[in-house]
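Order of writing sets the chain letters: A, B, C and D. Residues in each chain are counted from 1.
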């Protein structure tokens, strides 16, 4: 810690925000430093070069990255029919709260094409034929081509409803964020609100996590819950749940894009 | 209670939802009954005629209304520059969650004209010249004409930022809903997040209330809060607060339109 | 509904609180009426007799009970070493918030004997020898004798840490309340905070439920959650979780004793 | 920051936890470092001597303290009739969660004498005669003598219900913690639940703050809220509010004793 702080201080860096965490189980040490770019006498590339030397001295296992907030981060959003998460994200982009470059919205249905285009964002329709494994594989091939062409910093599954194949999970590891409409690990998989209604829980939840090959089992970024009672039908749960899905996804995406999330094993450190 | 239940039961009414509340301080009794229209052998007008007789027998002070959910309720939204509440409401309308007829959006700035029109909703620009009482009075006259022409069941001040004159408060009593960005009665008036930051509170809030002549003092419909800490600047509070403003306003509007809110004195019963 | 309301009204009953719920899936109808005893011209036994006739007319399947709040309800509390739930309950009894007759506290350790006796409540020590099935069976026999002798309206497993045999679950069905230190159905069974820490969840929870033969799978009465982050060790989670365990258990017990909980299948209606 | 981290690192200190905050409004910089005592080659007094030199070099305005967690912190608790906060604190002490030395409980009534003594803690009865300013002044003199004799690190007003005179506020500045039963700054002063009921708020709150001469206006340490509705009487609010009062006070006290709270002007940094 002292080594990193000294490096930044000696270079004249003005540290805006600093966070630390050490994990007693694995003896890993995590930190995030936010430095004013104009306080450093060199640019971001030179910073990367110099810091690489510091990191090397600290440990051969060091894993680090430097994000330049002066460059807009690139996002691709995958959707299906339900628009609440997309609406919410577009509203945040429009209001300046989420200062990103949405390169494309890709949907397996066209329901959300109009609202996307009203924001001047390209919408691509990639249908996923149900019960047709080959058709699906082809659709995923097309999808991944569209996504990769955008070189996204984040691939947001905003209620996308299709399970990504293991190959894409691996290729997009640490960049693909999903919103699952339950308080994981409860109610993995399909129709979580139906499962919640059947079990008679008194709170329903939403979970934003990184996508991994095992369904709904990736590192959890953010979660929240909302109260329900015996009077709430599945439809009421769906409606109430949307309000937390939106906030949990937007919060997770924001943290991801600001480099606040460090993944370690199957867990996250969120600074 | 038995009298109302008997009336509905004898008419064959299928009661979907029933709520009761008696106020020990004032001895008033409140109830809301939701009845399936097709379970009654007559229409809504006949129901009103018949129920009027029941109400007369119950008490000369009875105050009641019957809402026909088969008729879309009419809404006018007043906005300024900040779009998060408008985006949120339009998203809910688009997704079918808020099944209303948004007759118009009226703004004292044009920032939100495009998103409104993208939804096929008329946007009216009514500028309010700062520091010009006569100009403001004229603007309010124009505004009220536009609003009243729409015969709205709800007038939503979605971060409108102009204080309604007493005359409009009276004319729209029980129909005009405001979202105030604080946990009332804390931080009445201008710049509540600045006030909250100065006081060093650990939670910030939002309040949806009916508009009355006294600023931010009308009957409270719904409130919520979100956690902040010493690291949150005013700008952070503004950002975090938006997420509860949206949910609190949408929840309040939904309850209002479903006839779930009974105003009594300066308080609400929310069924 | 009208039938029950008419019966009470005709008898002159002053209804303090009334709740209704109809379940569209099973077509069951649920209600709870709270009536001022001194508003009725007869006593509770006569009320039971008369209401039995009403219930019979309503449906052969009717299931009902009448609680006399003038009679203190009887409670037995089962504990192990951890005292936070017991302390909390005793504090509520002492302060008059929980107006019950705690007949006994039974512990498989003696750690909580002193605080129990300081409240003038008998403490029974029933050790459960680990790894000795016969010894455990004998202990459960002794335990059930002590419990049944108290004729309790509620048997509270306040972090008791022993799994009740199926026979006791059946005998105490609808009267035995457990507090499980997770947000069920996540993290069933032993060491839920360890499980939660391993999975990296961002909220931990507590669940109060009726005890059934299947472990941690009984009807849920009440749940709540509290936020944790990457900096929280298992010990931190244990500490934070206690604060919600206490409140969730006390709330569930209160609702149970006031007859606010109607169990239907594996779910609860909580009025 | 680098200077402090270097000092600790050069001394071989193992930093368990580190927090930083810089206030852009005042340009103050705040930090808390938690170091394993056995990782340093010298004792706490030597640490204080050496760090004083570092602090002097950093700024003439530096304000710092070093807490030795090997020494139990001393607490005095002031109470009146309501026992829920005292019960809660004693339960936490008994369970080892709050590892402190409660030197005394002082009450202006004797209601809580028994439970205090059952824990082996001295209880002092100091009556405050109502409507007798001289009698009250004498009582405060006796109270302050008892408190000061205990040399407490924290003086906890656990629903004490007497307003401290300005002199005591000054003498105990930064050590006297109060729990106020509202979400400050709403409902300052007497009977906040009555005020909340009258205003018709939908959430009630509790606030833990440092005591200052201005009533209920000191630096806020911690706050929380709980939902209420139109059906909640003042008595219901009192009951529900207790659950958050307890948790908010205990959380604030814990943070205070661990040196996690830095007061700056009328605000707190809580690490």
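Here is the rule we use: contacts are C-beta pairs under 8 Å (C-beta built on N, C-alpha and C of every residue); 3 or more make two chains touch, one makes a residue touch a chain.
No experiment lies behind these values; they were computed from the predicted model shown.
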{"item": "Path length in steps (a step moves to a chain that is touched) from chain B to chain D", "value": "1"}
{"item": "Any chain in contact with chain A as well as chain B", "value": "C, D"}
{"item": "C-D or B-C - the one linked by more C-beta pairs in contact", "value": "C-D"}
{"item": "Whole-Å gap between the CA centroids of chain B and chain C", "value": "39"}
{"item": "Separation of chain C from chain D, taking each centre as the mean of its C-alpha atoms, in whole Å", "value": "34"}
{"item": "Residues of chain C engaged with two or more neighbouring chains", "value": "17, 231"}
{"item": "Contact set on chain D toward chain A in their complex", "value": "1-2, 5-6, 8-10, 15-18, 20, 22"}
{"item": "Parts of chain D lying in touch with chain C, wherever the complex brings them together", "value": "17, 82-84, 87-88, 90-92, 94-95, 97, 114-115, 118, 231, 239, 242-243, 247, 250"}
{"item": "Of chain B, residues touching chain D in the complex", "value": "21, 23-24, 183-187, 199-203, 205, 219-225, 229-231, 233, 266-270"}
